Amino acid sequence: MNVLLFVLGFPLLGGVALALVGHKTYARDVNVLFSLGTFVAACVMTAQVINDGPFFVWGNQFFIDPLNVFLVTLTAFVGMTTSIFSRPYMRVEQDHGKMTPPRMRLYHSMYQLFSFTMLLGFTTNNLGIVWVAMEAATLTTVLLVSVYRTPSSLEAAWKYFILCGVGIAQALFGTILVYMAADKVLGAESATLLWTNLSAIKGELDSTIMSLAFVFLLVGYGTKIGLVPMHSWLPDAHAEGPTPVSAVLSGLLLNVAMYSVLRFKVLTDGAVGTQVAGQLMMGFGLLSVVVAAFFLSRQKDVKRMFSYSSIEHMGLITFAFGMGGPIANFAGLLHMTVHSLVKSAIFFTVGHATQKAGTQVMSEIRGLIKVNPTVGWGLMLGAMAIVGMPPFGVFASEFLILTTAMREHPWATPFLFMGLGVTFASILLRVLPMVFGDTTLKPLAHPPALIPVFVHMALGLVLGLSIPPYLNGWYVQAAAMMGAAP
Amino acid sequence: MSALGVFSQFLALLLALLLAPLLTGWVNQCRHWMQNKSAPGVLQPYRALHKLFHKDSVMAEHASPLYRFAPYLVFSCMLLASAIIPTLSTDLPLSPAADAIALVGLFALARVFISLAAMDVGTAFGTLGARREMLVGFLAEPALLMVLFCASMITGSTSLTAIVETLAHRDFAIYPSMLLAGVAFTMVSLAENARVPVDNPDTHLELTMIHEAMILEYSARHLALMEWAASLKLFAYSCAGLALFFPWGVAEANSPLALLLALPVLLLKLAIGGALLAAFETASAKMRVFRVPEFLGTAFLMAVIGLLVNVLLGVG
Amino acid sequence: MNSMTVPGAWIHVDWVLLVVVAWLVIGMLGIVALRRFRFVATVLFPVGAVFSIVLMAVALSAAFSSPELAVLPLGLPQLPFHLRLDSLSAFFLLLIGGVSAGVSAFAAGYFRQGEGTPPGLMCLEYHVFLASLALVVMADDAYVFMVAWETMAMSSFFLVISNHRKPEIRSAGYLYLLVAHVGALAILLCFGVLQANTGDYTFANMRAQHLSPFWASIAFVLGVFGFGAKAGVLPLHAWLPEAHPAAPSPVSALMSGVMLKIALYGILRVSFDLLQTHIWWWGVLLMALGLATALFGVVFSTVQTEMKRLLAYSSIENIGLMCAGFGLALLFLSYGMKTYAALALTAACYHMLSHAFFKGLLFCSTGAVMHATSERNLGKLGGLIRYMPWVAWSTLVGALACAGLPPFGGFVAEWLLLQSFLFTTGLPSSFLDMLVPVTAALIALIAALSGYTMVKYFGVIFLGQPREEKLSHAHDAGLWERLGMVWLVLGCVMLGLFPNQVIAVIDPLTQRLVHGGMAHTVAESSWLLVPVSIERASYAPFIFLLGVLASFGLVFVLVRKLYHGRLRRVPPWDCGYPFQNARMQDTAEGFGQPIRQIFELFFRMTRELPQASDASPRYAVKVEDPLWYWLYLPVARAVEWISALVGLLQQGRIAIYLLYSFVTLIVMLLVVKQ
Amino acid sequence: MIKFVPQLVNLLATIILLLSFAMIAQRRIVTLINLFMIQGAALVAASFLLGYVTNQPDLYVSGALTLVLKVIFIPWMLHRVIRKLNVRWDVETLFNIPTTMLVGIGLVILAFSLAAPVAKLSETLAGGSLGIALACILLSFMMMITRSKAVPQVIGFLSMENGLIFAATAVTNGMPMIVEFGVALDVLVGVLILGVFMFQIREKFDSLDIHNLETLKDDRS
């Protein structure tokens, strides 16, 4: 009777249950309840890992270690807060007639199934299952993105499906190659896709196959991370779906993809011995940072803009992990965490703002702090945090990344400098008039749910000012687990 | 500070106070002679001052206190200036209190206050004069400073007494830089003392006047103080110039004899200097106000070149 | 707050932290009492001022004591907040405390009910700003430094846009924050170089590293760029004349008086303390930058017609002079001429101190004037000395100090600076020797020009006749405002009259940074300020002042005694033209016009000249900053252009998107195939 | 018999490759679906064969899955879809066919050259056919790029999956069972969702022409 059962069971059950009753009015609260249950279970599991270290579940098909347990908790947490946020939000959407009861049912059940697939992807030890989970996550989110059934949402979903489907297919080929490589070492017994076994013998894996495999995996999962130039689906999907979905997509799904790439990077580094994987990741990371920054600077739609900022941050994280080394890995993990928190918080506020304005076009959203100071300040602080203003955590990780890069890869710093500078300029240029100045907005019937926003911001603040020791313990172990690259 | 020092300090002050109007008078005298006019007499400035002090002061009704005390301040600034410039002796107790840079600062202070006073009443003339005065000042000050630096580079000091002492009693040497500096100094002092070709002390022509425009509103004792301050300024400049470029005859510390000797030498030098000034003024024509910056800019550049020459020849 | 030196004992660091915490608490109280204006104004701000004075006292005693360390249980896990209070920090804490005391008192009377940010929030931002200022100079590792630094930028940014309904104010704040952040990124990279790949970000470690000249130079240049951006050094000055006018006056006073100095503190810390090697061209670079900045600033400030813009440009000028001083000190240091380096550094620090006071004072006075007249355009002011004497006379002191006239602080600073330039002869390289006269000349010119500016500033605002009707019922500043301004006036006067005592405070700093100082020479000559030797140069402001005052009084008394003091008040002489009115006085533009002509090539001017045929002929001239067109707009255009190109990538066709992935895949396969 | 097996597998592999080319060339959607079905059949044959030779029951199972999905269900569904939406022709491709073929040949060469070193290492019977699998994947990728209607794109996507399955089967004698099932499930659900989508797209844009799906550009909108 393992706690993991609950971690995975709650969302799965919730998916089924909400598939039946998701259209009822109380479904929102049911949704929140299941997410809450998941979060509690995740916390318990975390406690276990903290107490008695990593452990296997069910014939080591599942493996819980510091790296994934903290991602699990993060996912469960953001999933919960997002469900809280989506209560009033979706209510308003229903009032505006954008959602109908059957769509609500689809939305709720897919929401739960989506978090199930993510948690599965994190916890499983079988790289094949990782792939399955990723594909399943894609499918569920495709349905979530298209839930409005508007032409643009359909288009976005279609692109999302095709591009990510193809990408995932590459990833599968990569996985097959890895399997092949492992097959030669371990022989034909069926445990050969278990990450633990693989990482045990990563030194002996054939380097040619592994490097080939990593290319496919990076392109494949990189599509889901949103690395330039495979990013094209991301802004559409984030902008056209409901805001809670944008929040979880930006905040969580990208993390899952990143996580799986990391797992494979460890193997590849072990097998190839050279830095090739790291260099590829650094290249993609830099490209994403710079290109996304320039994309950002020309957006008019607020959600598009922040989804580009997600691309930029993912690029930064990829760059950090590409550099490797304890500090950079630490920074990468920290950045993953803070980005999830802050970005989802931003999407929450943006959601309320867009509902008030009745549009996502930034030039028509003005003077939030006149109408609703809390939303306004939430957006302002969120923007400040996401562009890397201390004392928020994003700054902490950017501090470590930049300072490390400056001495280890000086050639990269001009690009980072340019990327970060342009991002800062563009985001604030758009956000300032949205928050300040005279207003054009109207108050709404239902009060916004701002607790999640400020909880997230507070956590981001804590991560910037003083990281709790146990969390730090996680990071350090996880960073070590990813191997201190030479 | 020795008793003699204190004495020579007082002597210098007294001399400045008394001789300043005389010098002005003498220059005017010479100029009238050269222009074939009948001269009012050397003592005319004293009479004018005396008359002015007797008159009732007339003042604009909305003039502020600043306007009232400006003349006193300007006057005392000039007094202090002429107190720290070694005229007779280099043994001046006050001189450590203010070196060359402070001297320039002192002139600047006086200039600022006279301009502010001119702006206070708010007539068109006053502000015009103030602006022109500041225009002259912002180029004249650095030029003067550069001239002094030229000397202090040679003598390795910015304290006036030290400079004069070294220049006067070091064995004679020719410093080409001092030539440039001398020319610059002459131009600056012409501008600073409202002389042709920069300004004309005895016209009230709004196209050209600078100094007169500023004190146009003043009358009686305030005007007297302003005039006296002006002649003190002229005196101070002349003494400074003489001390820098013809320092011979200035007495050293504790040598009463030299002190006695210094007085006639000074008078002689002043007489010649005044005559030359008058001659120059007569010979040259008043220039347009807009050409003043070029004039002073030239002076400034010359002084800087002088400094460069110093460096080049590795003096000091 | 556990301190390392004497565990348990209550040492300076703890006192400073106490002040910081107190400020933060005051800010929080402001949030609690968000809209209770009277409480915020008459209780919170004065209390903050009291703590500023405490800080000042602590800093004074800390300046002479040995460095103290403290470690706060905050920050990154491997990197808690390291704080260090050495003589350098102490000096700047003194500056912060001294100026902020006056400004806070002024602010207590200044902030009014009304538009924009509620007073409580203002109070929070203000005191967070103060606290972050104090923390920056205390920081002893890169992380806490950057945190405090950016907090400073952010809080001041929110203060600047506190009246955010005006779009131009918002854009000013935006420009400010942008430049500040770009600078911060550069500083970050600078620290990245300094930590030399050890992963240890404490300053102690950075001091221990010995970088190759190449890396050291990179660090120096990055540092100068980053901190220069914050200080308003050319060509990154453009935010300054926008942000200062936009901000409320006490905030501009703090930004101009204190924050710019904190930026210079960064330059000092990095180039003198953290970097162990010093290369001569660093000094030359800094000197050139500084002089260019100073000349640019002063020339622009003379032609401004808006009070606060004028002062902002004059701040740029002063910053430039300080940078020149630093550069000279670096030059001397790189040739091991410690005494002269100390002299130059002392001059620069003295200038910082006096500039902090008089510029704070001047900005406060603009605030008072704007409150009294709701007018910031010089062309519409005039004659205020009769309606608001307090403001006028204290402004006069500030203006004289700013013009660098004896016997005020500004003059002492310039005096020392010129002295240190005079000593530059005797540098090993003749090329540098040739540099000296030119630099000295430039400095003299700049000083004179600032005199011009200040006469314009004071004369046009306070003297003459009121140019508008409404001015005649302008009211003088309130009690708190007077208090604050008087405090700052006292600062200016003290700095002017007691240079030796001030230098004694600066001395530990120079001892620490360049291992040389002037204390010994100063100590033996009680009233005289003697940089090196009495033969070389000396200056005694006190005797100077006594001389002037004595002769003043004497003349006054004598005139009264020998003659009389009779006075008649009449209307001024109208030159025989009875229709004169106040509009016929020289305008601000008119006063700046000669400078505009002489330095024409500095400006980007657009003139509108009247025609003979015009029904109502009007003359207008608009003076703009050419750098804006040569540097900033091109960069902006470049970004737009690139982003337009990048935008082509995202053109909607799924086939093309697939093609991207496909090509990427192929290319990477080819890459790994090698 | 055993010694013929590698040749046989390679023969099947070649057939699959041939079919991919055929698909690229083919314009009629119905034929396209049929070709896809045949490809699936060949795949099934290959996996059964390998399963028989290496007597691994897993391969039978996966073969069966493929049979059910790729040979029976999906073609049937696609047929139904196109009948419902009556889209029979995919007249204009983005590039003309011969060019596409040429590029395709280039891709095959690349795939082989990439697979060659890897194939040497593989000691399974049909290790050599890794290159062919890779080629199939790349070809179907290209097909997806070149086709301008939704259905052919989906078919391309599915045939890419075929290539993957073939790779798994031929190179590694099949993935672990659980993975096989997961993959199969995903494919099934994916196809279902795609079907639904096509109807929705059709009803929104009344055509399956993906030129309609180009509104979400980045021209400052």
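Each chain gets a letter, A, B, C and D, in the order it is written, and its residues are counted from 1.
As a working rule, a residue touches a chain if its C-beta (ideal position, glycine included) is under 8 Å from a C-beta of that chain, and two chains touch if they have at least 3 such contacts.
Just so it is clear, the structure is predicted and the values come from calculations on it, not from any experiment.
Taking each chain's centre as the mean of its CA atoms, D is the chain most distant from subunit C.
Averaging C-alpha coordinates per chain places the centre of subunit A 79 Å away from that of subunit B. Rounded to a whole number, the gap between the C-alpha centres of subunit B and subunit D is 101 angstrom. Averaged Cα coordinates give subunit A a centre that lies 30 Å from the centre of subunit D. Per-chain Cα centroids separate subunit A from subunit C by 44 Å. In subunit B, no residue touches at least two other chains. Counting partner chains per residue, subunit A has residues 158-159, 162, 166, 170, 212, 235, 295, 298 touching two or more of them.
Residue positions of subunit D with contacts to 2 or more other chains are 114, 141, 144, 153, 210, 213-216, 218, 220. Chain pairs recorded as touching, per the definition above, are A-C, A-D, B-C, C-D. If you check the complex, the residues on subunit D that touch subunit C are 94, 110, 113-114, 138, 141-142, 144-148, 153, 210, 213-220. Every residue of subunit D that touches subunit A in the complex is listed here, in rising order: 114, 117-118, 121-123, 134, 137, 141, 144, 150, 153, 157, 160-161, 164, 167-168, 171-173, 175-179, 182-183, 185-186, 189-190, 193-194, 197, 200-201, 204-205, 210, 212-216, 218, 220-221.
Per the touch definition, subunit B reaches subunit C in the complex via residues 53-54, 56-64, 66, 69, 72-73, 75-77, 79-80, 83, 94, 96-99, 101-102, 105-106, 108-109, 111-112, 115-116, 119-125, 127-128, 130-131, 134-135, 137-139, 141-142, 145-146, 149, 152-153, 156-159, 162, 216-217, 221, 225, 290, 293, 300, 303-304, 307-308, 310-312, 316. Taken together, the subunit C residues at the contact with subunit D in this complex read 647, 649-655, 658-659, 662, 665-666, 669-670, 673. Those residues of subunit C that touch subunit B in the shared complex are 382-383, 385-386, 396, 400, 403-406, 411, 414-415, 418-419, 422, 425, 430, 433-434, 436-438, 440-441, 444-445, 447-449, 451-452, 454-456, 458-460, 463-465, 528, 534-540, 543-544, 547-552, 555-556, 559, 562-564, 566-575, 580, 582, 584-586, 590-591, 594-595, 597-598.
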